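Structures for review follow.
Two complexes, one shared chain (chain A), two partners (chain B, chain C).
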Partner chain A sequence: MAQYVARRLVAMVPVLLLVSILVFLMIYLTPGDPVQIMLGQSGASAAQVAQVRHELGLDRPLPVQYLKFLENLLSGQERSIATQQPVVSEFLGLFPSTLQLAMASLVIAVALGIALGVLAATHPRTWVDYLSMAVSFMGVSVPNFWLALLLIYLFAVQLNWLPATGGGSWRQLVLPAVVLAVQQVALIARLVRASMLEALQEDYIKTARAKGLPERAVRLRHAFRNALLPIVTLLGLNFGYLLSGAVIVEIVFARPGIGRLIVDAIQAKDFPLVQGAILMTAVVYLVVNLLTDLSYAVIDPRIRY
Partner chain B sequence: MDEQTNGAAASGWASGQWSRRSLLRRAAVVAIAVPGIPTLLAACGGQTPSTSGGGAQSTSAGSSGSSSASTAATSAANAKPGGSLVIGLNLEPDNLDPAVTPFAVSHTVMMNIYDPLVWRGDDGNFVPGLADKWEASSDGLNYSFTLKSNVKFHDGTAFNADAVKFTLDHIVDPASHSGFAANLLGPYDHTEVSDPTTAKVVFKQPFAPFLDGASQAFLGIVSPTAVQKDGKAFLRNPIGTGFMKFKEWAEKDHITLVRNPDYNWSASIFAHKGTAYLDQVTFRFYTDDPTRLAALESGDVQDIETIAYSDLQRIKSDSKYTVLTGYTPGIPAILMLDTTKAPTTDLTVRQALNYATDRNAIVTTALFGASTPATGPLWSSTPGYSKAVESYYPHDASKAGQVLQQAGWVAGADGIRAKGGQRLSVTWSETPSADAYAELLQAQWRQAGVELQIQKMTTAAAFQAIEKSQVNTATIGWISSDPVILSNLFLSTNINGGYAWTKYANSQMDDLLNQAQRALDEAQRANLYGQVQKIIMDQALIVPLYGQLRTIGILSKFQGIKLDFRRYQWLFDAHTA
Partner chain C sequence: MGVAQRVNAVDDRDDALVRATVQTRRARAVRRLLRHHGGVTGGIVLLALVVVALLAPVVAPYNPIAISTAILQPPSGQHVLGTDNFGRDIFSRIIYGARVSLRMGFVAVAIGAVIGTTMGVVAGAYGGFIDSALMRLVDALMAFPGILLALAVTAMLGPGLTNAMIAVGIGFIPSFARLVRASTLQVRHTTYVEAARAVGCGDGRLIARHIFPNVLTPVLVLATLGVASAILIGAALSFLGLGAQPPTAEWGIMLSDGREFMRRAWWIMAFPGLAITITVMAANLVGDGLRDAFDPRLTL
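This part shows the complex of A and B:
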């Protein structure tokens, strides 16, 4: 097991290098110049702009810039062009907020998704089945910014039950988490349903029923547990996506988070911040994937690494 | 991703047919494809406020309405200290060092933290700020300021002439990478300090816009001790002499200021003396218009900047809120036409575009009647505005067609004109601030036989596109209380790497602009700028569109807030009723 983990950690390095190169190239290919944005209205002459560009190292050849960037990032020295604050601390400062949102929405999505999926699987092809699938389908079809504004209007403006915007308190977490969760519910519910249906066909289910176990135990202790693996896979991948910052939700609810950090940095062409933040997001993604894979060993005793 | 696939996946797994790898691959397709799509869409579209344009430049036109520039005035006797105001801004500042940041939104926050040497009142006149008296030399090369004594910075250090010298030198220091303040200092040379209360600011050439610049928070006086101790930290930890002190900045969430208890050097333009009434002012950032409004209506904030035109009427008629409106001086929303890229190289074409544009329709339809048409490069409230521009190019769709026809632009089968094999096609690097009326303008120009190709971009990309002459036109607007802003947009030295997007180089206009920048006599300046405006209109270098209206929505409970000459909020007299 330890060997497996070590191998996986080592395998992360080439992936991260590749990601960093891709991101590095992408941002250079898009239009816009960070020095222009910085100095735009200062009346700076072309010579002054060139000077600043030289100071920031933006006139060196790309490979040199790339290596310098890596060196700075790893030593925590890399600074955002716009705010002059270290990239690493900016990211880590906003990460907890995104993590909160991701976890909250995952909890809601898992609870709802599993409930709907199990219900559908245990009453196949009845109205219960069709209704739960329809509900989850609606969830994934609704545009999330529209739903966000609707919920804000209803719960914050009209009823005044919850604050409309911001981050920090649990009450401000509710609406954004719900909006994010709604989209995941569909995926989870469908996968749970399909997975459970297959599991319920297995022979050991017949045995369990023959033993006289109550139906509830049959479904949950046996069928559900065996249906869990694909669901965990999905959750792991989804969580990684959530952690990279559900941008729209953060913008609409004016929540601090790394999604907004990255989008704002892209618009300001803040190269160091974009590159650093995306790289750190990739690390998070890879770690979550690793944890998901390790969880298989826990769930299914047959799996050994 | 349908039931079949999922079911097959699950059964394949359960029966040991497939490896874990292929299952993961399938699950990955499901998980990534669906959530991925909304994020892509978000990155492409959505509100992109003009962060890159930044500066005192604002490309978001506000809504209309009458010009009520202050909340209900309560007599000073009724105002009691206390209260906490939360303001919703449409952007987050990048930093709060006045020498560095170019953003109007930074100015909004900095106005409370720093004091200027002089204040510009609502009537346009200058009154004492940190300087009690000032005098320009007859040759216009230096300004002597007699400064207040007994003024302290928030860190306890004393304000004196050395602080003024430090502030101005800090702005022009190349290491500061000034985003805008350096522009306000122009041909600044150095400052001489003879004693703690006398500072003489020396210029290489006369610079008429200096006092106006000195009245803006971008030239607010900073604490030399704080900047010298740690310049980088100062960006996010500002120290000035203002009536509010900086308390904290939670990234992407809020900036909080608290009352400065030592403040007793307020200017005469304010209604009371001594410290501010409010205990605390917090700024929150909402880039999304509907969210900002919802934040006001739900009570998350009590004051928001920029209300969408479609909502303006409703908020104005709601007695729970007071709406302050005012047109910003400077450059209104205009289209700049590149004279080096066909077909806008042709004067006739540029004139025809002006005739073809129906500003009234744009304002009434696309902007919900929430603005007023502009007729020239300067907004009417700007000093130096020339009324003569109003008689140029009234909307006349048929005249536009005639003018083109006579110049040899003949309509083709699809209604678009062509001449000598060249199609009358104008490209526009369009930004979200123009979304409301882009298609309307396209339809208006089509009537005259002009094809307007709208290329949607972010503000940064749009600016680069017009600079490199990849497109014929782009929109711009710029808040400025001094007509020197015309130099930024029309001086030929600003063509490469600057904002002179029309790329029209005319030595006569250059001379006029340079002279006007040096002339200290107001009447002479007005005359010179009048001539500049005439050239701009004669050559149809721009298509003026509409005035930029600032709209502030405030909970009526808060009173005493006024809009200053440039339409920023003055919070010194703000109090709860």
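This part shows the complex of A and C:
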């Protein structure tokens, strides 16, 4: 087991390196001179541009710059152009808010998704099944920013039950979490249904029924537990949807968070912040994926290769 | 009959048998597809949307970017879906918006599919170091979840519809690359490919005539589902102001505009969103239909 963990960690290193290189190169793949972009159209003279370029170390060879980039980022020296705060602290300051949103939506999504999926699997090919799958299908097709606007319109504007924007209180968490949960419910419900249908075909189910076990116990104690395995993997994949969906949701609901940080930074052309935030988000995502893979190996010992 | 003639006769019969089998398999798949209610409905809706988009100048009652004094009018006889804050007809803007969204869907998927498939085939066919290197690159791309990659690319290239298409397209490369690589690896070890190699079939010919046609089916399914996804992400980028720019009539921008006027004019944000939903649903239905038709083992 320890060997497997070590091997996966080692395998992650080249990917991490490649990711950091790609993010670092972002500023060079931009058409136009990065320094001029950063200084804006403020009519800086050629001497000023050269000076800023020297200050930022942009006239050194690329590999040296790359190492400087990493060093600056990790030591907290890389600063956002707009706020002059270290990029790392900006990111870490807003990360809890996004995490809160992600966890809240995950709880809703897992609860609803499992309920819907189990319901569909235990009443196959009835209206319950078709309805749940239709709901799941719609969840994937509806644009989440539109759903957010609709919910704002209904609950904040018309009914005035919940606030439309901001973050901090639990009431402001409800609508964003629901919107973020919708897409996940769709995927989870579908997977739970398929997984449970498969589990219900197994022989041990026949034995349980033949034993005289009440149907409810058959479903919960045997089928459901075994159906749970693939769901763990899904939750890892889900994290990607969470991060990606959180960007939109945070903007629409004007919630503080990583998503808004990145988009605002892009619009302000604040390259250090964009690079740092994107790199850190990617790292978080990679780590979560690694943890999911490892947990899957813990649950199912056959997976350790 | 002489031995040679008898052998030739058997060869011809085998040939014909193989050809007939392949044709029946395809015919069966097509028949399955047509029987799939969801897929057919989705296909008809999608086709209708494409036709409407192509005929936009004919179908749309007003010029989509023409400003007028009839601002924030609710749906009426004059303006079927109302007007926005510049007095532009929403219905016409939605019809023209279909052009932008469908183009985004197809172009982005095309970019991802072409680059991804090439990478996948090369990685699967040649293996070894090339395979490792390409798959590491794919892993690195996959480290950026969903819209984040599109945001990163837009940060580099700047806002705009073309840049957005490229950004979304790059996001599809990993999925196609992995799928095609897996398919290629499967096909590569079949007997007939080995036989073709033994006869002296060159690399390029091998890939083009033997490997490629067999990876086509799953690629088609992924591409169709990809169109749905691309339309969603493209609209999201435009909603954030990073994709299509005003005054272009595009569903994402319309939603962003509608947000401001939610209280006074709910129709500005309601109908573009509906348009996106219907289009994406249609594409998803077609994709599901294709998947069920080509691989019925996956249906439950």
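Rule of thumb we're sticking to: the second predicted complex is superposed on the first by the 260 of 305 C-alpha atoms of A that agree within 3 Å, B and C clash if a C-alpha of one lies under 4 Å from a C-alpha of the other, contacts with A are read in each partner's own complex, and residues count from 1 in each chain.
Everything below uses one rule, namely that contacts are C-beta pairs under 8 Å (C-beta built on N, C-alpha and C of every residue); 3 or more make two chains touch, one makes a residue touch a chain.
All figures in this text were calculated on a predicted structure; none of them were measured in a lab.
Visitor: Once the shared chain is lined up, is A:49 touching chain B (first), chain C (second), both, or neither of them?
Guide: Only chain B; A:49 stays clear of chain C.
Visitor: Could you tell me if A:15 is touching chain B, chain C, both of them or neither one (first, second, both, neither)?
Guide: A:15 contacts chain C only, not chain B.
Visitor: I'd like to know which partner A:253 touches here: chain B for first, chain C for second, both or neither.
Guide: first
Visitor: Can you tell me whether chain B or chain C touches more residues on chain A?
Guide: B
Visitor: Contact-wise, after the overlay, does A:191 reach chain B, chain C, both or neither (first, second, both, neither)?
Guide: first
Visitor: Let me test your reading of the model: by the given contact rule, A:3 touches which partner, first (chain B), second (chain C), both or neither?
Guide: neither
Visitor: Give one of first, second, both or neither to describe whether A:169 is in contact with chain B, with chain C, with both, or with none.
Guide: The answer is neither, since A:169 touches no partner chain.
Visitor: Shared contact residues on chain A for chain B and chain C?
Guide: Residues 30-31, 140, 143-145, 149, 152-153, 157, 193-194, 197, 241, 247-248, 251-252, 263, 266-267 of chain A touch both chain B and chain C.
Visitor: Which residues, counting only chain C, touch chain A once they are in their complex?
Guide: Spelled out, the residues of chain C in touch with chain A are 136-137, 139-140, 143-148, 151-152, 154-158, 228, 232, 235-236, 239-242, 252, 255, 258-259, 262-263, 266, 269-270, 272-273, 276-277, 280-281, 284, 300.
Visitor: What part of chain A is in contact with chain C in the complex they form?
Guide: 14-15, 18-19, 22-23, 26-27, 29-31, 137-138, 140-146, 149-150, 152-153, 157, 193-194, 197, 239-241, 243-245, 247-248, 251-252, 262-263, 266-267, 271, 274, 278, 281-282, 285-286
Visitor: Mind pulling up the chain A residues that touch chain B in the complex?
Guide: Residue positions touching the partner: 30-33, 36-46, 48-49, 51-52, 82-85, 90, 93-94, 140, 143-145, 149, 152-153, 156-157, 160, 163-168, 183-184, 186-187, 190-191, 193-195, 197-199, 201-202, 226-227, 229-230, 233-234, 237-238, 241, 246-248, 251-254, 256-257, 260-261, 263-264, 266-269, 296.
Visitor: Which chain B residues qualify as touching chain A in the complex?
Guide: So the residues of chain B touching chain A come out as 1, 3, 6-7, 9-11, 13-14, 20, 23-24, 27-28, 30-32, 34-36, 38-39, 42-43, 46, 48, 51-57, 92, 94-95, 102, 174, 177-183, 186, 232, 235-236, 250-254, 284-288, 290-292, 294-295, 297-300, 457-458, 460-461, 463-465, 488, 496-499.
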